[in-house]
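Heads up, the next two complexes both have chain A, just with different partners, chain B and then chain C.
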Partner chain A sequence: MGFGVLALRASRTSSAINRCFSVSRIFANPSNRHSRSIASTPELRNAEAAAEAPQTQEIHPPRTPLAGARVHFPKPEDAIEVFVDGFPVTIPKGMTVLQACEVAGVDIPRFCYHSRLSIAGNCRMCLVEVEKSPKPVASCAMPALPGMKIKTDTPVAKKAREGVMEFLLMNHPLDCPICDQGGECDLQDQSMAFGSDRGRFTDVKRSVVDKNLGPLVKTVMTRCIQCTRCVRFATEVAGVQDLGMLGRGSGEEIGTYVEKLMTSELSGNVIDICPVGALTSKPFAFKARNWELKATETIDVTDAVGSNIRIDSRGLEVMRIIPRLNEDINEEWISDKTRFCYDGLKRQRLNDPMIRGPDGRFKSVSWRDALAIVAEVALQVKPEEIVGVAGRLSDAESMIALKDFLNRMGSNNVWCEGNGVRPNADLRSGYLLNSSISGLEKADVFLLVGTQPRIEAPMVNARIHKTVRANHAKVGYIGPPTDFNYNCKNLGTGPQTLLEIAEGRHPFCSALLAAKNPAIIVGAGLFERKDKDSILSVIDSIAKLGNVVRPDWNGLNFLLLHAAQAASLDLGLVPESDNSIESAKFLYLMGADDVELDELPSDAFVVYQGHHGDRSVYRANVILPASAFSEKEGTYENTEGCSQQTLPAVPTVGDARDDWKIIRALSEVAGVCLPYDNLAGIRSRISVVAPNLLRVDEREPALIHTDLKPDCQQKMSTEPFSSAVDNFYMTDSITRASKIMAQCSASLLSKK
Partner chain B sequence: MAFVVRSARVPPNSATFEEARQRTLEFFRKACRSIPTIMQIHNLEDVVTISQLRSTISSEILKRAHITNPKDPPRRGGDSLPTSPDGANDGGNFIPTMQSGAGALKEGKTDKRVVLFETIVVYTTNTSMRTTYGYFDMVIDMLLFKGFEELNNILEQAKQRHHLIGQYVIGREGLVQDHRTKDQGISDFLKNFYSSNYF
Partner chain C sequence: MFARLATKRFLEIRQILLQSPQPSRSLSTALNYHIDSPDNSPDTPWEFSAGNKGRVKEILSHYPSNYKQSAIIPLLDLAQQQHGGWLPVSAMNAVAKVVQVAPIRVYEVATFYSMFNRTKVGKYHLLVCGTTPCMIRGSREIEEALLKHLGVKRNEVTKDGLFSVGEMECMGCCVNAPMITVADYSKGSEGYTYNYYEDITPKRVVEIVEMLRKGEAPPVGTQNPKRIRSGPEGGNTTLLSEPKPPPCRDLDAC
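For the complex of A and B:
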């Protein structure tokens, strides 16, 4: 210890004595000088004595369970009864004391306990008193026993919490005013509710070196209270062993063992589960306070999962995106792409209708002029030369409007990107995740065909990871070499391996045959292959062999890639001819940025309607600015067939309009007016084509299964499967415009 | 240049309508003569021509041409006198004229001045101490005063290039100009669509 610190201590001691002296002079109570009690409430100063004193037993009225806590009895004979604050509750055997309290409607303060993670029991904040137990017990780690009398509101429990809070605050910096967690901090809230109003700590606070976890998570490690939630999240949910606990005692630190970035596609969730401000969002750092933000509950469109999110906005700006609880889809996690793509909503935006002049430059024009020109050109070309493509992020309303408009113009060459040639839109079981995302937890063998769910749909991958951890489910994978975050066997790279499995020659067949609930997950990347039909028929025969599709279990799943795909197939966006792009004279791209435009004739007129100046804008003749998913109300269907709606969080940029409104206006200018002019009208049109899209937040399972399909005589090529998504962080126009996503691809993908 | 114009103040009052007219013409000449300087100091050669600016000035003046044809003076007699300043002279188009004045005149300010001005007029007419026409000539004087003020601001570069472009080169319609009236026969949806996304 340096001299400076000693001197500091000496001076502090003397000043403390001086202060005590003056206090004692005022109160004339010198005997209390050194045994000053910490308890803020006088009756807690002698908690044990108070507990021994005879108390009148008060019976609380029944309270509602906390946060929708549900009791599910797998076996009725396992029900036990415990008493929480004198009120009896019936819970299944094996629940912890804390869970029993939640069922009884009593909130127990906690830091390290998280219902989706394993139990650590190291913060000691959840101490409660249990009758006949000599000490307060940590309720999160203690199983409830029959007849247990739990007391959560006694002086002993209160004093225990106060003591724990004092210890936790001992080494916690007093930087709430500059901490991003301020206002939504568990430590702040619980110290106000359960903490003492004074502390006895006079020593120097410890400090910890901050860790670099990459471009997404900001660390201020001095604030850490070592609850280890992030470590457990990384190991148990994200499936990466990057984070860990180093050191012992006061030297204990959270960190990566070596200097290393956190390379997980779910790393942003540690920001949410951190109860203090140790792990906060780097892009959101010092941007806003949580109480200034307006929350809009909407859904995510960056992948086909449709994670439930909350967009927090301030004024015209989206400030951050955080997850919403939905047990069936994303539980309470979201991927990094979902969470951090929001800065792409502010960059590269199209805000005025524009026409490309003879010099090749775009010129801003009015909506009147833009629509007049588009309508004029559309009426000049032959009907079969009109082609429309819906983009990855299109909502159902705009897709039905596009299809109706093109049909009225006499063309039926309309499709959605990513569905490939001749998509199967007749049998919903042929493009949905039939066993549902939460249903994947029942599976015990997975066969992933041409899909890497870790980058195609991280929330589905998290389910598979959860199942693998819980049931030790076996996972086989056919596709290009890649790394999974669970134990996974690479069976092969292409259709050859599929054939071997279908013919029963492959060792994986035994696992498939022995499985109770086998699940096959087929990636939507295969839809783009020429020999798609023959591959799908081989997969059908594997499904038959492994008895994958049964009345009680449908394990043949298709994992889509984009938010618009499922709804587009439900609405029947299927092109009439296979090579319509080559003969197109008028191409209407509704947010479609990934269409191959090389074969488009050079004299074709291209209209790009969308919100970002992305790839297709370079070829466009007219740009019609549209609104992004955060600015409109739209229906999306996710990969398991659950339709959900977005809600506008912020107004549109510049002179942009909603997608369906643009097409409705264009149809009128072109003289083929569509018969709806509000959302209710367009939805009643959808109800004729695909009524399931209007049953919001409900999953509509596919009813008819694959046995109806005609036999396929196509020749299968031996070309190995390719990966459907090259860069997880940049898959659509919003994420490609995002600076944060660019940083992620630069720093995280190269390390992988 | 600027101080030359600054010295040329408008005298407080025009005695007759003819005098006010002379002053207006004088203002127009002065403004036209300073156009080359304005073009130079504000670097406007590539966005506008001298003749365009001249016609802008003349249209700003002609926009107020009807003020030369004054309506009835405020009536004498107690019962028909307006009680509130806003309602004063409601038979004529006096206040709307002022409000719809050139972009050079800030609407709020003008309104307040006129209101104040009229209150005085109401008081004076009530006590029959005032001749008829001086009242209207004073409005022309006030507009001239504001015109000189505007010209002065431009020459002193108190107004800057983007102010000039916004007010006199592009005008109120903005960059995208829609002068066609093809809105007949289109649906309400399309009318609303052209104006905003939210309807």
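For the complex of A and C:
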């Protein structure tokens, strides 16, 4: 929140007497230096948001809205003017006093208020003085009224907040030296501005029994200040009504009443929203202090959503992963898998090139020897017997290198796992989440076909949940029985139900036809089915029936499962023959661990290039160690078609190299040298194939060409849809190596 | 310097005052979390009795169908009467099911109100008013007498399961302080009574307990024979004549 500066700001009152007090000069915004003691300098912290924010008032020194506060006027006639510390601000009707202050660039201290949760108004930290109001008002809960004169830095407001702070600290243990939140604690920061150096409370402080919320969230309930953010988060965002406020008065506590673990895939977010150290990360407990960590802004690859994350590392080690704000993708939440998979990056790693000897055991060799052997075998087999498979975590650079390498070897049997046989790589609208993740909020009817968003893409599920809560969107689901954290109608389990809907015989049709913005979400698990073309053509006819695809709204969505999928299809990683594995003599697995290798001829030579000793290593003849997503710069495209880049947070382990570099080196040894030897070169190669991948942080929507699809003659089977992900916590080599994820699947999944 | 000394002295005096023996005054009958026990576990089935099902329907009819959760408090009260004065966790789950909310929303309500007992109470739950007027008129002695007579601690049930003693805040009988309330769960939700016994003395309260034990019904209200309801002892001493009509302005004279 950045209340640290408030501490300095508090000293500014004294600087009114002594104008040359240097600290205040440095921090004071020169444009509005006069008369504001509790103010902030957002442009120092958040230059981006400050630049984006509209200039709401031309009068007086222009103020910069805080923390990305945007003023949006749904109806221009509803604009009202209020005065914050004497400066006029124009805001839409219905905004609260606190939001008005944010627009005016005044930071109001708060504990319970959170912009993404409902308003509780129970911490009273945001008290401000309003002219003609007899008492200070809680700004987070008070709607701003026309002409209101809000004063945020008067002695009344300051004294009120100091009083609140004293009460909050009354029962707070003040164990900051042993608290994991220390250094990033709202209470710590704000007590620097509003706290006293001594307390008047001499009784015994209360203590509260700690709760067991599972292997992820550690609780120290004595530190809790009852802001109820976690309760509201669990109810409103995570959709699991487990937490509640029990008891009353000084005996009040947060808990589940009955012994219950928090079985939500978003439970880790309560760690972030807790303003004190009551809910902290269990795996991160006592591991590091936040100020000793190096932050790297990167993206997540454990699912196809590409959540924006920050990897906090110390030295060679990833210490924790926390979310970054991205309104279009993950808002400010991430899933538990994203947050806690990081310990998998330290375990089961491949650090040296290895060759399997005649005795069946692996022996470490030098890169030179390993590449020589691979190249030798590759040159011996027939070109059509060479097969390459990219794994779920592959970045675009290494996939294009793999494809180029195999093409130069004369083979075009290269694909990315999870895309199934004969994937549709021609029409981007056929594999992307076309209405975009944030666009799902506009939908009013959802039809989920063979997808369980809660375990396949929790962030997409959180959007659907948000939409269902906000405008009571109807959700229909076709697939195997599964958990939903919102109201969802199970329409059926297989393609039969799809046919009924397409023919208008199903009761759900009326909802679909009545919808303004219907959204169909098709799971990528269907891509693996043999009859996927006929299923997709039925879905197309449903889309036509419900007018799902229009120029202004494309509601026909495909929800991918893996980080590599969208980019691989953009790059055209489509195998030439359907049964290439069966006839392969040389199989190049680039991090592919979920390929069915039973059909592979026993004399085939398997190269495994990857970062974890996972499933495919058992069959590999040569192991080439590669770096994980936290150690390399790579481009990933998420399920909605937004390309993003990872950045290296930690150095790679052992002798491992970036995926594309290994393939580039191998191509040289094999005598088919690839024409690029740096990242810029490989990216200019990508720009020829899929230029959208280079437009980072930009969503490239698919063009709609529904008519271009060939008619399908395939027969649809009646086999019900199966679930694409068995265990939410373990979907790829990193999460399978993670101890925390193993604990989660042991303790949380068995409960379901 | 002076201020520091004064503070130090003040703290010393305070410490001495704090050391004076004072029983812990917990209002609620239970902790804020559930501990499984043979008679209180989520797995025990619990249902409203056939007779009470109609009352559940009647209670629900008071509230709009989209605000069913408004019925949580009356339903919890009914469940408590049916279950001998206390709410096992399965009863709260049953209420949650009736009003279609998550169980935690019911637990929140049940833990908030001290009149919902989440541990076993006696068939006669005796609640001593502990608020200032009653305390001044001797409610502490009354509680002491009760506890001594029954041989239990506060919020503990006697061995025969008949009595338990709790504390309650002001019940609005300050004029007849001190007072106790007897919640009678011995006859289920049909014969449930909640009676006030006012103007009691440590001796009288023991008599009341003994009468209850014998199944008699002690007269409710003031226990001082010289008083009628909240009137003064020995009859009225003022306002003896018929009240005069209120003075009216003679509008014609104006």
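Methods note: the second predicted complex is superposed on the first by the 690 of 752 C-alpha atoms of A that agree within 3 Å, B and C clash if a C-alpha of one lies under 4 Å from a C-alpha of the other, contacts with A are read in each partner's own complex, and residues count from 1 in each chain.
The rule is short, and it goes like this: a residue touches a chain if its C-beta (ideal position, glycine included) is under 8 Å from a C-beta of that chain, and two chains touch if they have at least 3 such contacts.
Remember, predicted model here, so these are calculated numbers, not experimental data.
Student: Both complexes share chain A, so when I overlay them there, do chain B and chain C fit or clash?
Tutor: Result for chain B and chain C: fit.
Student: Go through the superposed model and pick first if A:N692 touches only chain B, second if only chain C, both, or neither.
Tutor: Neither partner.
Student: After the superposition on A, what does A:R368 contact: first (chain B), second (chain C), both or neither?
Tutor: Only chain B is touched by A:R368; chain C is not.
Student: Is A:R248 touching anything from chain B or chain C once the two structures are fitted on A? First, second, both or neither.
Tutor: After superposition on chain A, A:R248 lies in contact with chain C alone.
Student: Is A:T451 in contact with chain B, with chain C, with both, or with neither (first, second, both, neither)?
Tutor: Neither partner.
Student: Quick check on the superposed pair: does A:E259 touch chain B, chain C, both, or neither? Answer first, second, both or neither.
Tutor: In the superposed model, A:E259 contacts chain C only, not chain B.
Student: If you stack the two complexes on chain A, which partner ends up touching A:T202: first (chain B), second (chain C), both, or neither?
Tutor: Second partner only.
Student: Should A:T646 be classified as contacting the first partner (chain B), the second (chain C), both, or neither?
Tutor: neither
Student: Return first, second, both or neither, reflecting whether A:D658 touches chain B, chain C, both chains, or no partner chain.
Tutor: In the superposed model, A:D658 contacts chain B only, not chain C.
Student: Which value, in Å, gives the least CA distance between chain B and chain C in the superposed three-chain arrangement?
Tutor: Distance of closest C-alpha approach: 54 Å.
Student: Between chain B and chain C, which residues of chain A are contacted by each of them?
Tutor: Shared contact residues on chain A (touching chain B in one complex, chain C in the other): none at all.
Student: Which residues, counting only chain C, touch chain A once they are in their complex?
Tutor: Residues in contact with chain A: 11, 14, 18, 28, 31-34, 36, 42, 89, 101-105, 107-108, 111-112.
Student: Hey, which residues of chain A end up touching chain B in the complex?
Tutor: Going by the criterion above, the answer is residues 352, 364-368, 627, 651-652, 656-658, 661, 664-665, 668-669, 673, 677.
Student: Would you mind writing out the residues of chain B in touch with chain A in their complex?
Tutor: 175-178, 180, 182, 186-190, 193-194, 197-198
Student: Sort out for me which residues of chain A touch chain C in the complex.
Tutor: Going through chain A, the ones touching chain C are 202-203, 209, 211, 241-248, 251, 253, 255-259.
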